[in-house]
Amino acid sequence: MEFMYGAYSVVWLVIFGYMLLIGKRHSSLKKDIEFLKQLDK
Amino acid sequence: MSMNLEREKASFEVADWAPIKISLLTKILYGGMVVTMLAAFYFIFLYAEIEKTMGAVQKIFYMHVPSAWVAFLAFFVTFVFSILFLIKRKRIYDTYAYVSAEIGVVFTIIVLTTGPIWAKSSWNTWWAWEPRLTTTLILFFLFVAYLMVRQMDGVWDKKARLAAVFGIIGFADVPIVFFAIRWWQSKFHPIVFGDGPSQQGGGIAPSMLVALLVTITAFTFLYAYLLHKGVSFENMKLKVDQYKEKLRERLEN
Amino acid sequence: MIEIKKLTKQADNKLILRGVDLSIKQGETVAILGPNGAGKSTLLKVLATLIKPTSGHVKINGLNLKKDHIKVKKLFGYLPHSSLLYDHYTPLENLLFFGELYGVKDVENRARQLVKEVGLSFFINEPVKNFSRGMIQRIAIARAIIHEPKIMLLDEPHTGLDQGAITILNNVVLSMKEKGCTTLMVTHDFKQAAEICDRIIIVKNGKIADDFSINNKSLGLVSEKYEALVEGVL
Amino acid sequence: MFRAALTIAKKDIYSELRTKQVLGTMIIFAGLVILVLSFAFDPANNTTKAVIPGAVWIIIVFSGILGLNRSLVSEQRNDTMHGLLVAPMEASSIYLGKFMANFSMILIVEIVAVPFLFLLFDFKVNGSILYFILVLFVGSFGFIAIGTFLAALASNSKSSEMLLPLLLFPMTSPVLIGVTQATKIILTNMEKLPSAIAWLQLVAAYDVIFFVLCFLLIEYVLEV
């Protein structure tokens, strides 16, 4: 039984880790956009 | 557990991606993913019967097989878009190939971690040099190498071209790898552990099959959602880069 | 001889060439001038089949650059900034190798004669790696004309050369011109451009900004026009 | 096309004979691998004989990768690759020429290193030498064919010597599995010859498929 919990937590850890990575990329891009907006003014 | 995670994802979603316009397709894919994922959990834990010999551990199967399916699908998509890129040389094809390969590697990691956990629980050994697992491992190395080709320095069209070429020969290699490994195993080590983790097709109960199919649908939606998200992100990045370039030009003149 | 229509080249979201139309007749000696990053070298590399254009047509001697690339490649001699020579080979071996690739008849004699022409007979059996920049450039010139090309593509040929090498290079270009050879050169050196060329093209921001003929080696006219076009805007 | 390829191969081999840099390094490296193997597996022990067929391929793969990387990176000095690209021939001629040069180089390394290995480990061949040579030939062919192609691909990177093994090893895994199995059978247990021949057929099929594929795709790799 603990094996099953282990496996399921690993699966979701990997998927959410990946989503977190995408989120991080997004926020750095967002910062870039903000910076550009400032520069544009 | 699963419910919590879903909600977490939803809040994360709104907070971070609010400034980006959410298209209809995104909504459909996201909705489809959430619904099928919840359904999948219902089918896995409540509907499907518990396997007699392995017990609840057998439920790893519902994560392992769909991940493998998504990984192969993702690499196949990379292969197709690589060919398209070499013919048409449109940047969008390259973006699709890249994002798909990245998702493929993520799901390969899932296959390669759940596989050994299952192996440990049912055969009491972490790793078996079993054809499917070994092929997945080689596939993992191949596409990590693909991502490394993309990390090279240089202009994008060169990197895209080289990566596309590598994507094509890498995927063409997969059937030969699988064949070679299966042969190697069957000739020299009789397969001790039955048919390997992902080959349960023989004695599967109908309720299990239903649960498996639902999970595969859910994972495919997850893949489509991630792909769409990744591609729109890459396009966004491109636009920002273009904008920067324009600003730079204006500052120079 | 050379027909270019609506040629564009894009790299990394940046348009390097933005629609170049150009036609060059046989026997012309054309200098391409322009500021850094204007797309001069890219234009030359597209003609040399090294870079594939994003869109547009190029015809050389009526041959399509893409389809008949082998025939086209035989027509031109390409002399870029780097020497394209193998360091541990002697001048003779280098010329023999490239001559064989181009299918030159009687390679050995042709190579020896060329080495003599560029004034390096004494060094014919020394490895190229011990040579100075000027000497290497002379061998590079010999390498570019080993197959008696109809078109010469030169990328900043005068940079880093001593006076002797410049004279040899100019003589080669002029004697090739007498044989009816077309020359295209990208350069920063107005003096040399005015010296040997009869047509000047000024490229700016990936477009042709001016295109005029000169005679009497009038350096004044060239720099006047160039300043008006390029520096006047700044 | 073949003539141009031959010219390039001749040029590469001739320049190698002049500098003796790559070939010398490859052979010395092969010797060092044998030395390390003798530390890892006691040569006096009889069970060590079982790893010799695999050791043959460890030597070939590791010394081969040195030469492969070198052969394409060396064309970047003075941009000689551009010189080849503007010459009147197909890009595949360049590939073919490079392949022939690398292949003859690895054959020389094998001729020197393999007898040396057998000698030092006092290995007695209980099988057919002729078949062994065939296996060496077919295996090296596949390894060098795909290796030359991937070296051309990796040479665009600044750290090509690090990138090349990462690309090459997973890609050639079918060849490596096939030839090590075939070598093991041929050197120790000739009764199973049919299965060794089956392995050889698999590797030969791989050779053909990838040689054709590399031939078609090399144009996209060499483009500037």
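Structural remarks
Residue numbering begins at 1 within each chain, and the chains themselves are lettered A, B, C and D in the order written.
Note that contacts are C-beta pairs under 8 Å (C-beta built on N, C-alpha and C of every residue); 3 or more make two chains touch, one makes a residue touch a chain.
For clarity, every value in this text was computed on a predicted model and none was experimentally measured.
Counting C-beta pairs in contact across C-D and across B-D gives the higher total for B-D. Between the CA-based centres of chain C and chain D the separation comes to 40 Å, rounded to the whole angstrom. Centre to centre, using the average C-alpha position, chain B and chain D are separated by 33 Å.
Distance between chain B and chain C, defined via averaged C-alpha coordinates, is recorded as 50 Å.
Contact with two or more other chains is made by no residue of chain B. Multi-chain contact residues of chain A, defined as those touching 2 or more other chains: none present. Within chain D, the positions touching two or more other chains are listed as 223. Shown are all chain pairs that touch, namely A-B, B-C, B-D, C-D.
Those residues of chain B whose C-beta lies close enough to touch chain D in the complex are 86, 138, 141-142, 144-145, 148-149, 152-154, 158, 161-162, 164-166, 168-170, 172-173, 176-177, 179-181, 183-184, 187-188. Here chain A touches chain B in the complex through residues 1, 3-4, 6-8, 10-12, 14-16, 18-19, 22-23, 25-27, 29-30, 32-33, 36, 39-40, going by the rule given at the top. Those residues of chain C lying in contact with chain B across their complex are 11-14.
Of all the residues in chain B, the ones that touch chain A in their complex are 1, 5, 8-9, 12, 16-17, 19-20, 55-57, 59-60, 63-64, 67, 103, 106, 109-110, 113-114, 117-118, 120-121, 222, 226, 229-230, 233, 236-237, 240, 243-244, 247.
On the side of chain D, the complex with chain B involves touching residues 146, 149-150, 153, 156-158, 163, 166-167, 169-171, 173-174, 177-178, 181, 195, 198-199, 202, 205-206, 209-210, 213-214, 217, 220-221, 223.
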